[in-house]
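Two complexes follow with chain A in common, the first pairing it with chain B and the second with chain C.
Our next item is the complex of A and B:
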């Protein structure tokens, strides 16, 4: 019995909790990608860098707050800085739309042109972030680090395996839960939300019914920028902030959005957790876990790891390929490719 | 101004810029930049073949270039007999089992009708296949990587001249492109972009982690050169005579000791330049061959068909053109060109360093070259390759120089000034983005726009 408990705790510590946290972060990012895809109809390559931009503002404000001695008790100071960062990021997103994307929208350019434009925006944002904060790792988490510490958990339960639950993980799961529920409430019940869904479903019909496209686009950017900033800050608190890592997160975001069915907000969330679960569960070494469960002489010799952790990105891509082959529209029927 | 005048003027401008670099910085630096300009142009030509001719949105350039680099290692390095002895057979068996798995999976997929049965058989085959393959490959890889890990720890190559790898690099990239194309072509253009971006990241991940193949992040250094080594040149009589003859003016009338000093320093300096010039010659030859072939292809009926498909797939299909087939073909050709450029780059570097492959530099910068130069115009891509690479390299010294001038009044140790000086190199990303956006908006055809007969009539 203790063996089974130990195995469960081990799995929770190294797979389930990380999946919940990472999946929530991916879900927020993928929501941004999917919203832009649904409304503006292109794959936004600048999303990772928009996220990096928002996180950079959070970090700068956090540093300023720390320097004047403000803190948020046990919670990270970054949460206090977050609203300011969201405002800046929204301004940046609206500016890029006004300066870049609106022109092509009016010309009704093909998606490929939009994507190339977003590559230009990606370069510019990337340059700004590296210019201001530099290309290196930045740690900005403060306050308490753990909700449950591995050692006190062992002490409490008397098990061999400890369970650590970080504040950043708890915050991520909680904040994302609240955000997702309010986003869906907004999309389902408010006038603007309904307009957005109508516009995403059928642009011409929406225009005929008097929906103002510029307003829909504006609201989309506001939501996307806010989600990107929050996702970036949570990811940075959980791991660390590095511009290049944020750029690379683009791939799991796209994978999550496409796996779930692109253009579908619920799909993005499902996709986020599917991608996170596969990335972590395929690269986890199950040796210790199996040792608890199987009789002693059956215990495996190797690590029982399907792929080395360096192939994390490859895993999200493999899922992407599988979905494209088997069910190109994604789990929930998204836009036809 | 017509296109010919524009081309001449733009290339004259590039030549002037290179001259300025040569006169004010150094000729050796100018040649290094020129060599990379030539390689970038070949890469840009590859992207142009895919995007400019056929409208295929491939952002996996980095992966194909890296495959070219792998080819350079596998062709030029000598084999490691110990590694082959300990792990060769197991690895061959593993490779055979892997191919068997893939074949069986494809057969199951084709022969059994869609449904639960197919899913079960297919996943059963794949899982069994993976376990069988890893049963042989895991110990083989462990054995190979244990062979003198500080120096080898990999299988090595076949020890042929490295020039041969330029062709092999193209073949590797073409093979990868065939597999990728089979999976991803036919998707919407921006999906193809996401798919290729992902595949290029996977290729780099494999290069970084599969030590038995290319030593992973331990890098493979000291690749043999296709051109002479400086040290050999400095010892050979004909080279010293050549230097003496070239410098006869400045050597004239010096005392014998001064003369010997000056001569030996000139020989050292000139040997470096001579080696770079040899590379320039090789790269320029490749560029000219590929450019000529591209221009001929674009002006042939095949090129017109590609453009017809790009501009209107439906009507081209109605004319009986095989859209998927042609797309696959052009995707493979373009990728092969990128693979050749990748092999050339690794040859120039003399080493394969998987850690340095970065999508901003190897994928998106190439795209900036194509768009700025003029997509659909081969000469435009070459121009873009030269112009953007020159800007990319020179942006750093110029940026530092500008910021130095602008913040000089702050004093030498001012933290803002120091930060700005330090960060000046990142401004080039910003600049590239800005250039791309401005060209796309105000001059969407690029510097040298595509030339079409239809275009002349309609204007």
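Our next item is the complex of A and C:
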């Protein structure tokens, strides 16, 4: 019995809690990708770097707050910096739209041209971020680190295995939960939200109904930029901030968005968790877990790890390829948004 | 209201007009420019000559959205509902430009199309062809337009549904709205028309009351199959 408990705790500590946190971060990122796809009808390759830009502003403001001695008690100071960063990132997103995408929208360019333009935006944003904060790892988490510490958990339960629950993980799950619910409430119940869904569903008819496309596009960028900044900051708090890592997150984002059917917000959230679960469960070494469950002499000699963690991006890539081959519309039925 | 258009490839000095509380029907062979004429009236393509007026006001230079504000509404031939939105949301989107209470208008639409009231919370994409057309017309009526333009409202629906739709359109007409309609089912459409326009290669070939056109041997021979 204790063995089963130990095995469960072990799995929760190394798989379930990380999946919930990482899945939430991916869900937010994928939501941004999916919203832009649903409304502006192109795959936004600059999303990862928009996230990096937002997180960079959070870090800079956090450093400034720390330097003048402001702190947020047990919570990370970054949360105080977040609203400022969101405003800056929204401004940046609207500026790129004005400077780049609007031109192609007026020309009614094909999605392929938008994608290439977004790759250009990606490089520029990437350059700006590296120029300002540099390409290196930045740690900016402060305040309490754990909600539950592994040692006190062991002490509390008397089990061999500890369960650690980080503040950053708790924050991620909580914030994403609230954000997702508010976003859906907004899309379902407000005039602007319904207009966004209508525009995504049938652009021409939306125009005939008098829906202003520029306004819909603007609201989309505002939501996307806010989501990207929050997702980036939460990811940075949970792990660390490095511009290149944020660029790399594009792959799991797109995998998540496409698993759920790109353009569908619910799909992006489910997809986020599917990708996170696959990535973490495939790269986790199950040796210790199995040792608890099987008789002693059956215990495996190897690590029982399906794939080295270095290959975690291969998982996203594989999911992407499989979904596109087998079910390109995604796992949910119905049309976009 | 008179709509004119000229010079371009498809329409040549074609003239269409409709009065309040009347139905004007545009018929003609395939490729005659019927749908193009509708688009021209609604500002969806540029006129090289001529103009469009609404209640005496020249609206030639206005965009489709601005024309909606002025009191024109259009039901396109295809993709004329928001398939993933519910029936009620479709109607709400039709009234997007209005800031006043839309409840009365919605009740009115439900009176006109009772089936929509039962299905108000169902996605429009899940409805049958005829019901979808009702949603489409209902959406257009939500702006309480002065002119309602229908591009082949009976395309792809069964004859029974077609008769019902025409009946509803007659009811809409009774509320004092000017209705301009392009139709493939020329005979039935001319039956309910106050004015009929027969277009051929983008030109007005015959213009008369619906009755007179139906009675005219020439029109019957060429367009109505004898």
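Everything below uses one rule, namely that the second predicted complex is superposed on the first by the 332 of 337 C-alpha atoms of A that agree within 3 Å, B and C clash if a C-alpha of one lies under 4 Å from a C-alpha of the other, contacts with A are read in each partner's own complex, and residues count from 1 in each chain.
By our rule, contacts are C-beta pairs under 8 Å (C-beta built on N, C-alpha and C of every residue); 3 or more make two chains touch, one makes a residue touch a chain.
The structure presented is a predicted model; accordingly, all values stated were derived computationally and were not measured.
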For A:206, select first, second, both or neither according to whether it touches chain B, chain C, the two together, or no partner. second
Considering only the touch criterion stated at the top, classify A:320 as touching first (chain B), second (chain C), both, or neither. first
With both complexes superposed on chain A, which partner does A:174 reach: first (chain B), second (chain C), both or neither? neither
Have a look and say if chain B or chain C is in touch with more residues of chain A. B
For A:74, select first, second, both or neither according to whether it touches chain B, chain C, the two together, or no partner. neither
Given the touch rule stated above, what does A:83 touch, chain B (first), chain C (second), both, or neither? neither
Can you list the residues of chain A that meet both chain B and chain C? 337
For a test of understanding, state which residues of chain A touch chain B in their complex under the given definition. 42-43, 45, 99-100, 103, 110-117, 119-128, 130-132, 134-135, 244, 247-248, 250-251, 254-255, 258, 302, 308, 310-311, 313-314, 316-317, 320-321, 324-325, 328, 337
For a test of understanding, state which residues of chain A touch chain C in their complex under the given definition. 191, 194-195, 197-198, 201-202, 204-212, 334-337
Along chain B, where are the residues that touch chain A in the complex? 55, 57, 59, 138, 183-184, 187-191, 193-195, 197-199, 201-202, 205-206, 208-209, 358-360, 364, 367-368, 371, 422-423, 426-434, 436-437, 440-441
Residues of chain C touching chain A in their complex? 64-65, 68-69, 73-74, 76, 79-85, 89, 92-94, 96-97, 125, 139, 143
